[in-house]
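First chain A sits with chain B, and in the next complex the same chain sits with chain C.
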Partner chain A sequence: MSNISQVELPTLASFELVITPPSSVAMRGTIAIPDPGLLLGGCFRRLHEASLADGLRELSVDVRQLTFVNSSAIRLFVDWSSWVAVAGPQGYLLRFRTDRRITWQRTSFAVLQSLGGKSIALDAE
Partner chain B sequence: MISTLPSSTEPLIFLRFRPAWAYIDGVREFCRFFCETTYRQQDLAERARVVLQETLENAVKYSTPGQLSELELEVHADRESFRIAITSRPDPLHLQTLKNELSHLTMLDPEAAYLSAFVRAANEPESPARLGLARMRYEARFELHLDEQADGRVRITATGKP
Partner chain C sequence: MTKVDAILSRAQAASGSFPASGPALIHVTWDSSPDLEQFLGFISAYCKGRFSTSLAERVTLTSTELLDNAVRYGSLARDFTYRLAIEGGYVTVSMQNTTVPARIEMLSAQLRRLESAPEQVYAAELERSMGPSSGRRSMLGLARIRHEAEMRIDLQTEANDVIIRAQCKR
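Now for the complex of A and B:
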């Protein structure tokens, strides 16, 4: 059994995270809670560590149905991108699937990509 | 069309409420709905949504506790500009941080400032994100202005093109 399939899912009324092994994650809903790092940061970190442990070359994170987030939630994606960048060649490609019609996705993931370099890829539909 | 609105000094929306997190979702979504329904501009509604989330969060997080603590939200629009103003009574320490942050932000263009905020967040993983102000300028395309009032309250006005 893969490590990623064993990552415990967070419980948040407005937000759903679905893991499809071996290498896909989808997020839906909204994140606008006071400190999303407390509730979701650990899960994102475990997804990262599981991806490394599974030896993935690429992890797809589909956020097209994550329609609204606050800036504290954007920080979660900044952190994840940093972890992948630090992992370097031993790591994996973090591929975000975004919807360019959704303002926060269009702007924030473009900036993330410029920050993360070759470790971040964007599929903007 | 926003250009058909008459000019007025009266706000289109005025709300006064306690600085409680529980109100943010409802207030934000009401204003987004109002913009979308009134102006039929999805883009403006989404931009206003971002500004409301970030300004209300800041005001709620950093308001001085007590009986005098309340927030006022005003939304103004005319042919030239769309303005969202939040008046609150922040704690003095936060006020200085806010002034410093705004001063730093306005030295950079919105995209450079947002990128700079991302770099800072990445380099300081244990610190608060502090992406909100830069996000309002870049993502929502609103400029920010701070006024200190004689009664000790502070008004943050976000102004954007309709």
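Now for the complex of A and C:
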């Protein structure tokens, strides 16, 4: 059994995270709680570590149905991007699937990609 | 809304159209800590029913970030006043809360910097978000309002209160 399939999912009424092994994650809903890092940061970190442990070459994170996040939640994606960047060649490609009609996705992920370099890919639909 | 005194202008709600100027469409006060998710649901639904998709998204983002900032940085962690209005063809979102003079000075400086280069400041704030979360006191929320929502932001003071206003054409 893959490590990523064993990552415990967070419980947040407005937010859903679905893991489809071996290498896909989808997020839906909204994140507007004051400190999302407390509830979601650990899960994101475990997804990252599981991806490394599974030896993934690429992880797809589909956020097209994540319609709103506050600035604290954007930091979760910034953190994830920085972990992948630090992992370097031993890591994996973090591919975000985004919807360019959703403003926060269009603006945030373009910057994240420039910060994350070759570790981050963007599929903007 | 629990713990919230929400007053919708009944006349405007009934008319189905906005006046060029007038009283607030929404005026909400909190005397205890707001439920941010509840507020997001409320304001998002209201804006979707009143504005174009794009404008609704911008106003929702602005409203949520202003309240989040007030909760995070207000000196009392309560006594917030939110206002949404149409004034002279502009949509204005404002948030009033108690703060300290040092915070007002810092906000003024941040807004000047943000106004001079919204996109660059936005990117810089995202970059600054990288790393340990302790001690972060960023202006990413305001940067999002200026860059993502494309709102002009200004700041007023009343005694110990700060009022941040964000405005865009309707």
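Annotations for the structure displayed:
Following the convention adopted for this analysis, the second predicted complex is superposed on the first by the 125 of 125 C-alpha atoms of A that agree within 3 Å, B and C clash if a C-alpha of one lies under 4 Å from a C-alpha of the other, contacts with A are read in each partner's own complex, and residues count from 1 in each chain.
Everything below uses one rule, namely that contacts are C-beta pairs under 8 Å (C-beta built on N, C-alpha and C of every residue); 3 or more make two chains touch, one makes a residue touch a chain.
Fair warning: this is a prediction, and the values are worked out from it, not measured in the lab.
Overlap between chain B and chain C is detected when the two structures are superposed via chain A. In the superposition on chain A, A:9 makes contact with neither chain B nor chain C. Shared-chain residue A:53: touches no atom of chain B or chain C.
Once the two structures are overlaid, the count of chain A residues touched is higher for C than for its counterpart among chain B and chain C. Once chain A of one complex is fitted onto chain A of the other, the partner contacts of A:18 are absent, as it touches neither chain B nor chain C. Note: residues 32, 34, 68, 70-72, 74-75, 78-79, 81-82, 102-104, 107-108, 111-112, 114-115 of chain A belong to the chain B contact set and to the chain C contact set alike, using the contact criterion stated above. Across the complex, chain C is touched by residues 13-14, 30, 32-34, 37, 41, 68, 70-72, 74-75, 78-79, 81-82, 102-104, 107-108, 111-112, 114-115 of chain A.
For chain A in complex with chain B, the residues that touch the partner chain are 32, 34, 68, 70-72, 74-75, 78-79, 81-82, 102-104, 107-108, 111-112, 114-115. Chain B meets chain A in the complex at residues 21, 24-25, 28, 43, 46-47, 49-50, 53-54, 57, 61, 111, 114-115, 118-119, 121-122, 125, 128-129, 131-132, 135, 138-140. Remark: chain C residues 36-37, 39-41, 44, 54, 57-58, 60-61, 64-65, 68, 71-72, 122-123, 126-127, 129-131, 133, 136, 138, 140-141, 144, 147-149 touch chain A in the complex.
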